[in-house]
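Two complexes, one shared chain (chain A), two partners (chain B, chain C).
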Partner chain A sequence: MKNMTYKTIQNAITTGIILIFFEMIDLTSTLAIILEKLFTGNSKVKTVTPNYLIAVIGLIVFIAAAAFTNKNLTPASKISLPKKLTAGLIFGLITGGMLALLNIILGNFLNNGVDLRKYLEVLSPDVIRNFLFQKDIQSAVMIFFGTSVAGALAGTLVMHIFQVTGQPAGLWHSIKKSYGSFQQQQHSRRNQLISRSALVLLVIFILILPLIANAYTISVLGLVCIYAILGLGLNLIVGLSGQLVFGYVAFYAIGAYTFALLTAPKPLGIQLSFLPAFVIALVMSGIAGGLVGLPIMNLRGDYLAIVTLGFGEIIRILINSNNLTDFTGGPQGVKNIGQPGQPAFIGNLLGAPLKNNVWFLYLIFAVLFIVIYVVFRLQYSRTGRSWEAMREDETVAQACGVTTSSYKVLAVVIGAVIAGAAGAIYASRNTYTGPGEYVFMVSVNVLAIVVIGGMGSIPGVLLGAFIIKGIPELLRDLESYRMIVFGAMLVIMMVIRPEGLLPVKRRRLSVKPESVESLKENFKS
Partner chain B sequence: MMMAKETLYVLEAQHITINFGGLTAVNDVSLQVPFESIISIIGPNGAGKTTFFNCISGFYQIDGGTVLFQERPINGIPTDEIADLGISRTYQNIRLFTNMSVMENVLIGQQPRLHSTCVDTILQTYRNRREEQQSIQKASNLLEFVGLSAYADDLAKNLPYGAQRRLEIARALGNNPHLLLLDEPCAGMNPHETAAMIDLIRTLRSDLKITVVLIEHDMKVVMNISDSILVLDHGEAIANGTPEEIQKNQRVIEAYLGTGTDDLVEKYSQRKKKAAQPIGEE
Partner chain C sequence: MMNTVKNGTRPIQKNQVRRINWLRWIVGISTGLFLLYRIILMVIRPTYGPVYWLGFLNTGLIVGGMYSLIAIGYTLVYGVMSLINFAHGDIMMLGCFAGFFTFEFLNYLPSGDSSFLNNHPILSILFAFIMGTGVSMLSGYFLEKLAYRPLRNSKIRLAPLISAVGASIFLETSAQILFGATKKTYKNPDLLARGSGWNIQMDGGMIVITKTGVFSLLMAIILMIALYLFVQKTKLGKSIRAVSQDKMTAQLMGINLDRVTSQTFLISGFLAGASGVMWGIHNGLFNHYVGFLPGIKAFTAAVLGGIGNIPGAMVGGMVLGIVESVGPAFLGIDFQLKDVIAFAILILVLILKPSGLFGKSSGSVEKV
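And now, the complex of A and B:
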């Protein structure tokens, strides 16, 4: 029992600290605005309404108390309802007390005319007044205590009801169970049919999407697809062959710049058409991949990461260099990059030619599908298996006959070509490219796509690209908190599912064995 | 391949020496392995058995001596080429590709015998599809041969211990080896599993005509299946001969039981003599 009290206090203090942190970065107000938007359907809300702020605080305490009850006051521990509610009360009082303390201090500063913006930019008088719900300190303190106690009690009670009835958890288990049995019978004809038709429907939906979506969605979708291509390329290097390559952005930059310089009127004035420039961009990034691959053939792990990290920075500094302005456009970048013309038959077929951004999105889809096909083929072949064996145990793979050095270079070259394709498409889409777009963060983002999706898994990379590039766009409302929310999501995901969201599944390969005689034949030849 | 049969030895290790810093781990050890024989290497812990294996299979660069495989020197050749020539090995601490399926592990073993390139793969040429089909069939046959068909589509790490050892052998058989190096194949097995492993090693020779060199601590296994035995102690070869010879060899007994035994044996027999003498007859 003493242990339980201790745990209640500990959890309550943690919740209090999190809430104080949220207030100090003014995240609570943003959440309150989002909540109001959701409730009223009015998307033009700009200022905080105190009631919604109260609701946000109550909701956070509610969730924390429910989670605490779920974890510590389990049915197995046989704690009676009054005791649970007492724990909830203590929980609410402590969090409420911490919040109240913070706001008494802030309120007193406000009343004495101290400008806290000197110390923390967020804490303007308006914001602090919002914290106090536009009321005086005493009533604000009462509200804090009331909200958090009510939230905590409700959380404990709801979780208690859940535990007694066993409902949402039971439902969840039965869903999981039926999904599990579906997976187990995945090879039955009926289930294969279901999953195949689901896939076909998804593809059809994606193909129709550009026609009905607005310009913003199309632009986000294009970016997500370009990052998916990049992710598939890096997935080959990191996920399959297990080589930790950090400067992946370099190949992306080389593809983009080759394409840009070959098609733009300035600085080189070659102005090739789309297809030859695209092919040359692929070849150039492939060559770059080979050149990087050769010296790193015999490097492992950390050393490889450092060398490739350096390479990425070298390329960025080169294209940013003032001295090379005549060749690369320097810090200003390259403007008026060529775009592929739309073939006339599309216009004839549909009655009118597609809008430029829609046509370009289809082009990106086409490249993405080709890349998926190539990676899929490679992954489930002797090449892909050798890469995976290298990732598992390089020494043993070599002793089994895998020529590790050449497979390493092959992985880097193919990965580089894919990055080059993404770069060329990206430069063409934007008709402008500059050194600022090829920073180290791009490599980190792509690596995050691979890790979050699941190393070596193609559907994983597609989902990862959507999460890394798509969700931040959806989280626009949170604006400056995007990265915090995003970081928290990553941490939670890595704790819950370290193998990635859609980890790779092994294929069934076994066939009916023949007699020993055929094996003997094999060994004679 | 038929030419190879006419040579006397599949493997000849001549005066192998390797130093790690100041320590001579293997010192002037020679071993001749005739075709289709089963040779055991034994010795106390730290005698240099695994190091000797690593020298033969190209894991270590040797400091002196030569290794001839089918009369061809193979020192200094990378391990993937050695696998290509037809030497396979297993490991003392099982080293499977744990996150891959059992089938995939065996397929990796066939790497030196496959020829389709990544361009073939992307374009799905006829050559690629046929080769893939054949290699999958062969992998299934190999799994049947070592008795792991039931596990074919499981992850390698989920296999029971004994099955993992068998899987290592199946993987090593993928490149149709002439010589198989087994590093403690029976370590940690119960008597039942050990008997099955002995049978498997015998069939390797009788059915697949593979020459086997193994390191083993279990003397029952060693004395049971070996044609000849090499005994190492402190990196030096102290005896080489048939199981009967080795059992009687004084230096081997010393290496295993220590030098003190001579005195002990003498004392014991004298005491026995004394006890046997009738009282009062002196």
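And now, the complex of A and C:
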């Protein structure tokens, strides 16, 4: 009983801190606006309606209380409903109290005419007035208490019903079971046929998409594909060979700048055509990868991480430097980068030439498919197996005859070449490139793509690229919280599901040894 | 059994070291020749007088002290967990913010005819340090608990490092949204006003020794000595050293690994917070990005001194600070490019002597 009280208080305080954090970064209002947009279907909502803010806070407390009940107040038979409701009441009172305290303080600042924006950027007087539901402090405090108590009680109650009836959990279990049996049947010819034809349909759909989509979708799709290419390259280094590269943006930047300087009229004025410039860009980034890879080929992966991070910063500082303006364009960047011309036969075939952005999207698709093919072949080749052996255990790999040092450098070089390809395509697509585009955050984005999709998994990377680059474009309201979410996601993914959303089979085995048994069963049947 | 294992692994290692020797030689000789050329050039055609060099040394020492404090945090954590605590620079950033808010609060607090800040400057500075180190310690403690501890036995070797990057991004962007991206200025008490100090007249110019600089350097040295004594003399220090030598055996000797890890994070957070407050007091301008570069440079310093080695981190930080401030003038490059020097040193150290200045050369390749 004492333990239960302690757990309740602990969880309630954690929830309170999270809610306060959300309020301080003004996430609650943003969520309220999104909720209102969803409910009313009015996409032009700009200001917060108090009722929706109440709903958001209640919902968060509800989820937290339900999760707490599910995790700590089990089994259902032992802890009776009144006990649970008491716990819920305490939970709600503590969370509500913390929120109320915060808002009493903020409200007093507001009433005394102190503008907090000098120190806490988002807390403008309007925002605080929203927090207080456009009312005075007393009624706002009452609402906070009421909302969180109601949310917590509802959470415990709903969870109690779930526990007693065992329903959604049972349903989930049966779905999982049937999915498992579906997976077992996957070897049968009919299922293989179905999945193959689904894949073909998907590819055809993606190929037709640029023709029917609008300009915005095409630009987002292009960005997602470029990040997918980057992700595939980093996946090779991180997922397959088990080295960690933080400064992946460096190779991206080298590819982009090599291409840009070779094709732009200023500052060098070489103005090569697309294909030779593209090839030279690949070679240059490959050489850079080799130069970075060589010094650390005998060291553990952590060092590669920091060295490449340093390398990325060096590249950024160099292209940003005023001294090198005559060579790199300096802080202004490079303009008028060359684009590949459209071959005439496409125009003849379709009657009219494709629009420029559509044509370019097809080009990106082509590069993406080539990269997928290369990575796929590499993964299941001798080289790929050596990488995976190295990733799992370097000493054992060495003992089995893998020259780890040269394979490490090889992984970095190939990864760098792929990044260079992405960079060249990106620069050509935008016809402009500048130092501001090659910041550390790009590396973090790509790392998040690899981690979320599943390290070493090609479909995982494609999914990850869509999640990291595509979904934020759909949820424009949450734009400013993107990096916070990515950071938290990296930590949470590592703790909860380190193998990623779409893991490869071998990886899944290495994380969960118990699934070996089920695989054996598969082979028998 | 032990012997056969050792004999079995050693030839492979030797072989490996021999294979990259050519790289080491080429890089070492070319770096040495280049440095020699610059020295000769400096002697023949001096571009800066001795006063300037002393001035560079002065700034280098001050920055170096802060690098040392942060580097010790890296080294301690690396010793205990074999993890590069990537979020360490951001813990320092939080300390910097906490000190800033303390000063601002004390500035508003009336006391006598002026503010508390100027009436009780020493007490105010003490409060700022307590708040800064406290916030950093707490964030370090919870960081370990939430982001690193669940991953200690992770099957994926890179998991803790990826988690560390995630935590770093999370802290940095949270601070950006919470406090805004514009640069803020530390409100120092008048006793430690920025820019005030002693001018020492010498032939050919004068050196400005700022009060904040002297304060930071003294503070850094005091903290370093205190930390060294702490690690050498106390029981906790002993258990930290034991864990960093051999986790298994330390646990067998009755050391609670969880507790020692937590306490290590508290200590490294303390040092990071102190250096954050010092950074604010000395440099004045700061924002959420303040921890990023010092963090990476301090890591460089830790590698330079031999990671896992506490005196090494101290010396490495000082050396890095001095080299970084002397370097641009010595190499004749633009001062904009001074950040490049630190990273170049990192790469050079990893090629020439991966075990660092003070690390033991045998076996370190394996550990590193």
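Assume the second predicted complex is superposed on the first by the 474 of 525 C-alpha atoms of A that agree within 3 Å, B and C clash if a C-alpha of one lies under 4 Å from a C-alpha of the other, contacts with A are read in each partner's own complex, and residues count from 1 in each chain.
Please note the rule applied: a contact is a pair of C-beta atoms (placed from the backbone, for glycine too) under 8 Å apart; a residue touches a chain by one contact, two chains touch by 3 or more.
The shown structure was predicted, so the numbers you read here are calculated from the model rather than taken from an experiment.
In the superposed model, A:L410 lies in contact with chain B only, and not with chain C.
Look at A:C400: by the touch rule set out above, it reaches chain B but stays clear of chain C.
Looking at the superposed arrangement, the partner reaching more residues of chain A, out of chain B and chain C, is C.
After overlaying the two complexes on the shared chain, residue contacts for A:M24 are found with chain C alone; chain B is out of touch. Of the two partner chains placed around the shared chain by superposition, chain B is the only one that A:E388 touches, whereas chain C remains out of contact. Applying the stated contact rule after C-alpha superposition, one finds that A:D136 touches neither chain B nor chain C. Contacts of A:D126 after superposition: neither chain B nor chain C is touched. In the superposition on chain A, A:D115 contacts neither chain B nor chain C. Touch criterion met: A:L378 reaches chain B, while chain C stays clear of it. 395, 398-399, 510-511 are the residues of chain A that lie in the contact sets of both chain B and chain C, per the superposition on chain A. Within the complex formed with chain A, the residues of chain C that make contact are 9, 12, 16-17, 19-20, 23, 27, 83-84, 101, 104, 146-147, 150-151, 154-163, 165-174, 177-181, 292, 296, 299-300, 303, 334, 336-337, 339-340, 342-344, 346-347, 350-351, 354, 365, 368.
Residues of chain A that touch chain C in their complex: 21, 24-26, 117, 119-122, 238, 242, 244, 246, 294-303, 305-307, 309-311, 313-314, 317-318, 321-323, 391, 395, 398-399, 405, 440-441, 444, 447, 451, 455, 480-481, 483-484, 486-491, 494-495, 498-499, 510-511. Those residues of chain B whose C-beta lies close enough to touch chain A in the complex are 1, 57-59, 78-80, 82-84, 88-89, 91, 95, 97-101, 103-104, 107-109, 111-112, 114, 116, 118, 121-122, 124, 128, 131-132, 135-145, 149, 152-153, 155, 171-172, 174-176, 207-210. Chain contact summary for the complex, chain A toward chain B: residues 374, 377-378, 381-383, 385-386, 388-389, 392-393, 395-404, 410, 414, 506-514, 516, 518-520, 522-525.
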